[in-house]
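Here's the structure we're looking at; comments come further down.
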């Protein structure tokens, strides 16, 4: 089982495919769950406080807007943990955790910069593309398994 | 500041989405209830949400996937179901994540088709199918086009 | 007005991830308002974004556009709109500004725009949300154009405390003092105003309080009206400047923060409040007069001896650097009048850059508050905005006048109650 960072980190399809083919998807839900299940000061809805953008300073400088630093505090640790990544280009309609284009750019860059197996593709727009989409992801994930057992 | 005492510590929550002519969201929820054994299952308009220990949730998900393997999609969720912090009824509007699901579910049929096709492929066929590049190539930069033209 | 909470639509980007969503919700709850997310479907987002025509990349900003359009087009009801995004985000600043403009031009819903960071607290947001809530809840009271009976307004500001007594649409007594102990300063200015008017406390039919100390003084005086300074000052300004009909822009450069309010028919439409540093506030002018060895009341006359001081290097973006350039300018041999004028120019420039970009400047531009008595500052602001700035009489008492005027809305009701009893 390899920890695969999914981008968009909120993607239902990537979360499903990674788990379906036997690996662990790393996405927003993992970090949000950690916040929601950790006691502290009440700060609904995400239980994120001013401390989170401060933690984000590890990945983005102080002049970077607080929303980006806050989001990076969710993703930074996951990127560090990731052993592989699947990136779908242009998640132009993923809101909330993936709602900031600047965070998304930085996140993509960090994933590309990291020396891990990476698959980049885009959303399918037809049945034929659906086949290619699933085939590429399955092959990528199967290869990860082979590398793991090798 | 008010202290925060979390609920459902140690649990995981998964969304189960279905987009199928043969299986309704209600079918999914009913099937989940049947094998729930006390695990929290909540029926939704798209399928259901399951909250429990990772092992319990995985057991139910595995059971549900068998019902319509290519048309059921499962995703991790940070919040337990019905949480007032994310609930549409309390916020006056859908949380942003809902629209993202709406967006991806529109391509569910292509992916379902892909899942079914890929499932029947041999290793060689998979290799070949995966070989087709998916990202359409970026349009060439004007400077590069000009350079190629000059070289010609 | 029923007791249902005022519903404020939240159109923000980045609030949850900056860890300040709870601050917004709590500030709203404190002023009896409720924040809500305008509900839009995915297809609304796609259409609205396309129709609006501002190409942005961040999905949450596309969502913000769709939410604003749904309200303006009447598909979703809201009493007020709070637009906010992360400080220093250029993409969001463009969207925030354009959405604010779009809402003001196409609806009557009051809107406040704000940029936050992780340190934004509910107390910072309180006055802004209170103003939104006030406009929605007290529209009838805010529409008052004539003062009736005998009323008192007390404005407890960060630098000074002011009191005004009004009788039959005339100012009959005033009191003014630097704020020391909040309650004592208030009592002193009240005594001053009563003495001038020749009235007794028992003659006062209704009382309104505003400014930072409004809650404390409001309780102390058992005031009929306790209201934030944004709506009160704008009301006072258009009343004194005789600009109650149509558009007007009110600028109040205070001792701690600045307010810029865009008013339509006497009711604030959009407003902004704040300032990055005291360098953009009246505080910098106080420091200047201290350094020049003149009283703050003389700084205006001194600055008018200069042609404008635009050639003196001075930048008060930060009060520390501003003070440094002040010292340097004097050391370089610039005349005190030019340095005084340069300070005024610098403060006006900061207000222009930081605040006036967030509201639509429509004439007349009315300057109020103590700083409006510094002629050099008014001149600098006028040059910056290329307009003749109006400074109404009693402009330094603006909050107190506004409070006395609005509080007179309670007079008739109280008289009727008294009669019944």
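Note that the chains are named A, B and C in the order they appear, and that numbering of residues resets to 1 at the start of each chain.
Please note the rule applied: contacts are C-beta pairs under 8 Å (C-beta built on N, C-alpha and C of every residue); 3 or more make two chains touch, one makes a residue touch a chain.
No experiment lies behind these values; they were computed from the predicted model shown.
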Chain of greatest Cα-centre distance to subunit B: C
Chain pair, A-C or A-B, that carries the greater number of C-beta contacts: A-B
Gap in Å, rounded to a whole number, between the CA centres of subunit C and subunit B: 48
Centroid distance [mean C-alpha coordinates] between subunit C and subunit A, Å: 43
Subunit A-subunit B separation of Cα centroids, rounded to whole Å: 14
For subunit A, residues contacting two or more additional chains: 42-46, 93-99
In subunit C, residues with contacts to at least two other chains: 42, 45, 60, 63
Subunit B: positions in contact with at least two other chains: 95-96, 99, 103
Subunit C residues touching subunit B - in the complex, by the definition given at the top: 7, 36-42, 45, 60, 63, 67
For the subunit C and subunit A complex, residues of the former touching the latter: 13-22, 25, 42, 45-46, 56-63, 85-89, 91-92, 116-119
Touching residues on subunit A, where the partner in the complex is subunit B: 8, 10-13, 15-16, 19-20, 25, 27-33, 35-47, 89, 93-99, 120-127, 129-136, 138-140, 142
Subunit B to subunit C touching residues, read off their complex: 88, 91-96, 99, 102-103
Residue numbers on subunit B that touch subunit A, as the complex places them: 1-6, 8-13, 15, 17, 65, 73-80, 83, 85-86, 95-97, 99-101, 103-105, 107-115, 117-118, 121, 126-127, 129-130, 132, 134-136
